[in-house]
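Structures follow.
Shared between the two complexes below is subunit A, which has subunit B as its partner in the first and subunit C in the second.
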Partner chain A sequence: MASNEKKILGVKEDTFRMMMGKYGIGIILIGMVIVISIIKPRFIQPSNLLNILTQISINGLIAYGMCLAITTGGIDLTVGAQLALVSCILGQLVGEMGMNIGLACLIGLLATTAFGLLNGILIAKFNMFPFVVTLSTQLIVRGIAQVISDGQAVSLANANFKAIYSDRFAGIPLPIIYLAVVVIIMYILMHWTKFGRYVYAVGGNVNAAIASGVNVVKTKTLCYTIVGLLSGMAGIIFTSKTGAAQSNIGVGYETDAIAACVLGGTSFAGGISTASGVLLGSIIIGCIYNGMNFLGIDSYYQSMAKGIIIICAVLLDMVMNRKNR
Partner chain B sequence: MAENYILECSGISKTFGGTQALKEVELHIRPGEVHALLGENGAGKSTLMKCIIGLYKPDKGAMTWCQKPYQAHGPVDAINQGISMIHQELNPEPHLTIAESIFLKRESTRGFLLDKKAQNKRAEEVLKKFNFPYGPKTLMKDLTLAQVQMIEIIKAVSCDAKLIIMDEPTSSLDSEETRHLFQTINDLKSKGVAIIYISHRMEEIFEICDRVSVFRDGTYVSSRDMEGVTKDELISMMVGRNIENVFPKTDCKIGKPVFRVEHLCGKGFTDISFEVRQGEILGISGLVGSGRSETVRAIFGLDPIISGKMYLDGEEIKIKNPQDAIRRGICMVNEDRKEFGLCLQRSIRENISLPNLPKKQRGLLLRQKKERQECEDAAKTLTVKCASIEHTALSLSGGNQQKVVLAKWIMANPKVLILDEPTRGVDVGAKSDIHALMCKFAAKGMAVIMISSELPEVMGMSDRILIYHEGRLNGSIDRSEIITGNTTQEEILKREFGGK
Partner chain C sequence: MKLKKVLGIALATTVLLGVTACSSSEPAKTGNSDAAGGDVNGDGEIIIGYIAKNTTDPQPSTINSSASEQLDKLKADGVIDDWTGIMDGLSDANKQVDLAQDCIAQGCDYVIITPAEAVASDPAITNLVDAGVKVVVVNAKTDSTDDVAMTFCGSDDVYAGELMAEYLNEKLPDGGKYLHCQGVIGNSAQIQRAEGITNKLNDNFECIAEVPCEWSGEKAVNATHDALAQYGKDLTAVICDNDDMSAAAQLTCNESGREDIICIGVDGNAGAMGMIQEGTLDATVLQDSIGQITAAIDAIVADINGETVEKEYLVPFVIVTAENVDEYATE
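After this line comes the complex of A and B, so read on.
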């Protein structure tokens, strides 16, 4: 029989497992940064680090929304189409009609939030499967985007509009500030409010939540509404970044958002996630893209590498957490 | 070798993280005996069973099976070697037929195709042997829990099991079904099948078992023949102390009526009227499926009420969902702790405060420091044994999980507390803790409604007992009649079966 005094790297096996289970994702991130930095020292320079954070802002916002949906035990596949919708609305209102930018953004956000609400009502009130609901509304949303734009790309060269992405505040690019604000708000929402607790309860055990007086319909609906709002915000940033309104953007963006959630320890079974984990997950995805560009790896291989890293990360998490369960 | 054992476990140790779940325990099973395993929850019984069926690998120690060194690599391997386990919580596949269920993973085949005909025929043969009332094509979802359990036993026997482990097999059976199970156990015994019988119900152990092994806190205490051993001896072996009075009911002042229902009808119950007063413990007794749980579920707003009225403090109330009930001060501990009681993956703290969050806010934010303090106090008052309230509810034993469920409702400070099977699957120590707590709540002026399938518990704890028979009330009994001995267990049972 095996003795239970087995040691790994000088610490007791159980302690090691627990540490890895809890901080494994952070360790992977640090390992990745070290390896890439050794090969290409320029990777670790502050300017590039800011660059990475700017790049992840869009996926980060979507991932936080996705995380809420997954934590309730669901998923939201509309996020990519929502990006396109907000982009086309901006294209028409700002590009064609010359509307005030702030007002146009507000209208865009209202539209995506309304579709989020619709998702929520269908899922929570009518008890439909989140996958099926959002797979369908995704088609509707993208269709609307195509109708609005008539399939044409609209150039948004307005300097004020482009400033949403490219301006800096105290030397920090604005997208990082948006992300930081969202991270803080989501952290508070998930871990410091009644709503957050209800989200975890609904995802953890919906029957126990009902029997504890949680309004499940309200909680779930609000979650999907927030996903709509956050993907709308991501859409505005994205449109400002590219300077063009298009109806074909955001395809596959749900994948990166889901990947960030999973890397960050969000459980697909529901009821488990952390705000900090989602941020780490998004940063890892950003480092994969940015690091591989640095190493000169072709984008086809980047996609493969992303898949492999996600599987490895989840596998590691499973192995490390097996004993703790 | 002095004795001929079929299964021998010696010096088994198992550690999880920092906790030692088993400390060099022993277990010796003779062929064809019914061997009881006794111990409080967390004493290590389940861990040892999981080692035997290969779900866990022991850190230390050796096992022999039929005099040969033994180690199972998972339940399937254990079944192949002749050891089957009937789990406490059965998870039948609802859409399989009985035959498919019995022959799951060892289907009859002809070439690559399933041979359903042959399989149904084989199933019919074994079903007949056990006088099972349904044919092989019946779907599992149409069976009662007791019948599902019987199918599990039939499955084990059809795998040529020489040893069947039964974990709390009677916890969801009524007395009639229990009798039937015991008959089956006796049949198996006469065929030379050994049975490890895990139960918290002393009466059953005395009735059915030949020998008993007692565990306490992960250690082996001793094994005894059931003949010549008394209940008190066993209890003191289990807890290491004498439990003087199993039901420590204290008399509290019974005040004014708090809650009343009139002519309540719903799915599974008809024309139910009763009233419960401050400081009163109202016991509800009846067979499983007689409408007891259905009634309280409807009162709590989990199921709809078809007709009838409810009054709280003399005022008529309508309850559409649990939120309404909780807001009005009616709380319920559900009979199914895992399904309706806890979010197992979340921390003890989050579970306790879940229904009480509206009271823990300042503005929009939660006052987590205060919350932590209050939950810690609640856990302490309810004697929850845990290293920290930040650990998951999953890490607790059944008894402690139940205390967490109680803690969350006590924090809500209800006027009416409904307890559906509050001590099911809970060990002796935690059970008497929970009983003591019930008295404490009543003394504070709460009205307590308790459902229990254990007659001694209902009789020992209640100020008044309502007896259900097939969805209707069939009489009520006052505590005075029980204390004076005017009403006995037999009489209550008679009423449960419809007698007068």
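After this line comes the complex of A and C, so read on.
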């Protein structure tokens, strides 16, 4: 611990490292935005920024759930199938039976939350591997969605239902508001409550958590239940956005959610994540999709670039944080 | 090149000014105005957006690469100022709705879209039209294509089914038992091709099973194996909703020493065409993908030039056999 060591950009090395560890991902985001805006000035216009935020709402909601699961040292692969389940339930209740939209959404959310709870119980109570449990329940959930819908797409052209996605409040598209509310709640939940501290304790060192009297089963179960609830909400937005209920939606959606978490500094070892990081991660994913379209980059290179950016971000995170831990 | 671009912009601006001057009673509204010269949104540039169904399946890929070639040429010729590049819809309607918003944000005047879903991709098209963009739908219709799109360029899938049925009627006058390998259930191509088959197939044919194979050759192989095991020599034909499946089914039959079974599908992929050339597959119904996208781009050019554009351009299917395969096969 030399007292007057190297300086980077006029800041003490330790301080610099700490800042990069905390805000490095934000700097990457700002850098991306600046580069794309210089090449294509249209990118930075407010309507496009709102557009990006609207687009990330679905992935953002899923990512917050995923973040909880990963922080406890697990994962949830059912999220994509949960989208399909809630979509098909809405298709039958609203599209076919003409049920009240609020009530139908509530039933849909109850169903996905119940499957989240089931995941949680299997993982926490029976100590099964999260990967195996959710890989299997994912098949079950999608199967149920296919049974409910009979494999057919149901049109949900109902204007009130489509308003869930397309309406604006004070000029801001509703999906952004849903996301903002979830971000605030998740921030409080993860960083200000006892439950949040338990989540980090369980993920960081499960034995220490047990020794300190944390109820591991309850904490983990609640986490997966919240994943179910958030995926259900994402599913409602998705269904309202496309105006169609079908069982083949959401395939591969866990990938973008996991990517957003990882970009946001969530550690797969468990116990490390931040609510703000997940938001930044989701925005970066959104900017990658939107920005590369603006730059006219061929879609083959887009998925390559996405992979490279994620690896670089994680690498940067590891290099920066090695000394802090 | 640069000069052409400058000229193009200058021309577009002049046209824009002219139009604005003409319609002085109305303020220069973006969108909706049927401005001649193709600068639909009035920003001084003609930009075409291109939203693909996906970039991995054989048939969409054929459309994409042809579009890419033709749009690059239009740009080089100065007919348009720019195009967005192939935007990948990843076979996901949600993604396509997002891409539609990206096209609006990029100031596209025209957008070409090959829909991933008939119902769920529809908001992509209605959102674009609401924002004043002219939309050309290619290959498959969505629910409101007829009402809001500038034009539709595709093929009549019922006719494809009828062509398959007629070919079998001719080759197998005695009929027999056949297996039907279906595409993704609920997809418009799957529904309409099946309708065409029932329309024209002779009564002496009996369908032993309709198996949902999701356009996948691998699943068609399994279905064919099952049918061969169950019905043996009674099986005379395998009708498939696409070529990936018919080629795979034919290979399965040939391996089992049943070259006599006629497998037929739709698309005219390189794989199937190659098999026809070497004589291992009897026939396919060629979907003229390049014809569809060419019609779409021609329609846009016509609209830029202020010519009238039809609401629909149907590109015919063609039955391809050993006799005419060399005419249609591309390297």
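The definition used in the following text is that the second predicted complex is superposed on the first by the 310 of 325 C-alpha atoms of A that agree within 3 Å, B and C clash if a C-alpha of one lies under 4 Å from a C-alpha of the other, contacts with A are read in each partner's own complex, and residues count from 1 in each chain.
The definition used in the following text is that contacts are C-beta pairs under 8 Å (C-beta built on N, C-alpha and C of every residue); 3 or more make two chains touch, one makes a residue touch a chain.
The structure presented is a predicted model; accordingly, all values stated were derived computationally and were not measured.
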item	value
Room on subunit A for both subunit B and subunit C (clash or fit)	fit
Computed vertex angle (subunit A) for partners subunit B and subunit C, CA, steps of 10°	140
Partner chain(s) touched by A:Gly296 [first = subunit B, second = subunit C, both, neither]	second
Subunit B versus subunit C as contact partner of A:Thr274, first or second or both or neither	neither
Subunit B versus subunit C as contact partner of A:Gly243, first or second or both or neither	second
Touched partner set for A:Gln92, first subunit B, second subunit C, both or neither	neither
Partner chain in contact with A:Ser136 - subunit B first, subunit C second, else both or neither	neither
Which of subunit B and subunit C A:Ile58 touches, first, second, both or neither	second
Partner chain in contact with A:Gly151 - subunit B first, subunit C second, else both or neither	second
Per-pair minimum CA distance [subunit C against subunit B, superposed on A] in Å	37
Partner subunit B, residues of subunit A touching it in the complex	1-4, 14, 18, 188, 192-194, 197-198, 200-201, 204-205, 207-215, 267, 271-272, 323-325
Complex contact set, residues of subunit C against subunit A	52, 55, 82-88, 92-94, 97-99, 101-102, 104-107, 117-123, 143, 184-186, 212
Residue numbers on subunit A that touch subunit C, as the complex places them	40, 42, 45, 47-48, 51, 54-55, 58, 151-155, 157, 162, 238, 241-244, 246, 248-249, 251, 289-290, 293-294, 296-300, 302
Of subunit B, residues touching subunit A in the complex	15-18, 57-61, 300, 302, 321-323, 325-327, 332, 334, 339-346, 350, 353-355, 357-358, 360-361, 364-366, 368, 394, 408
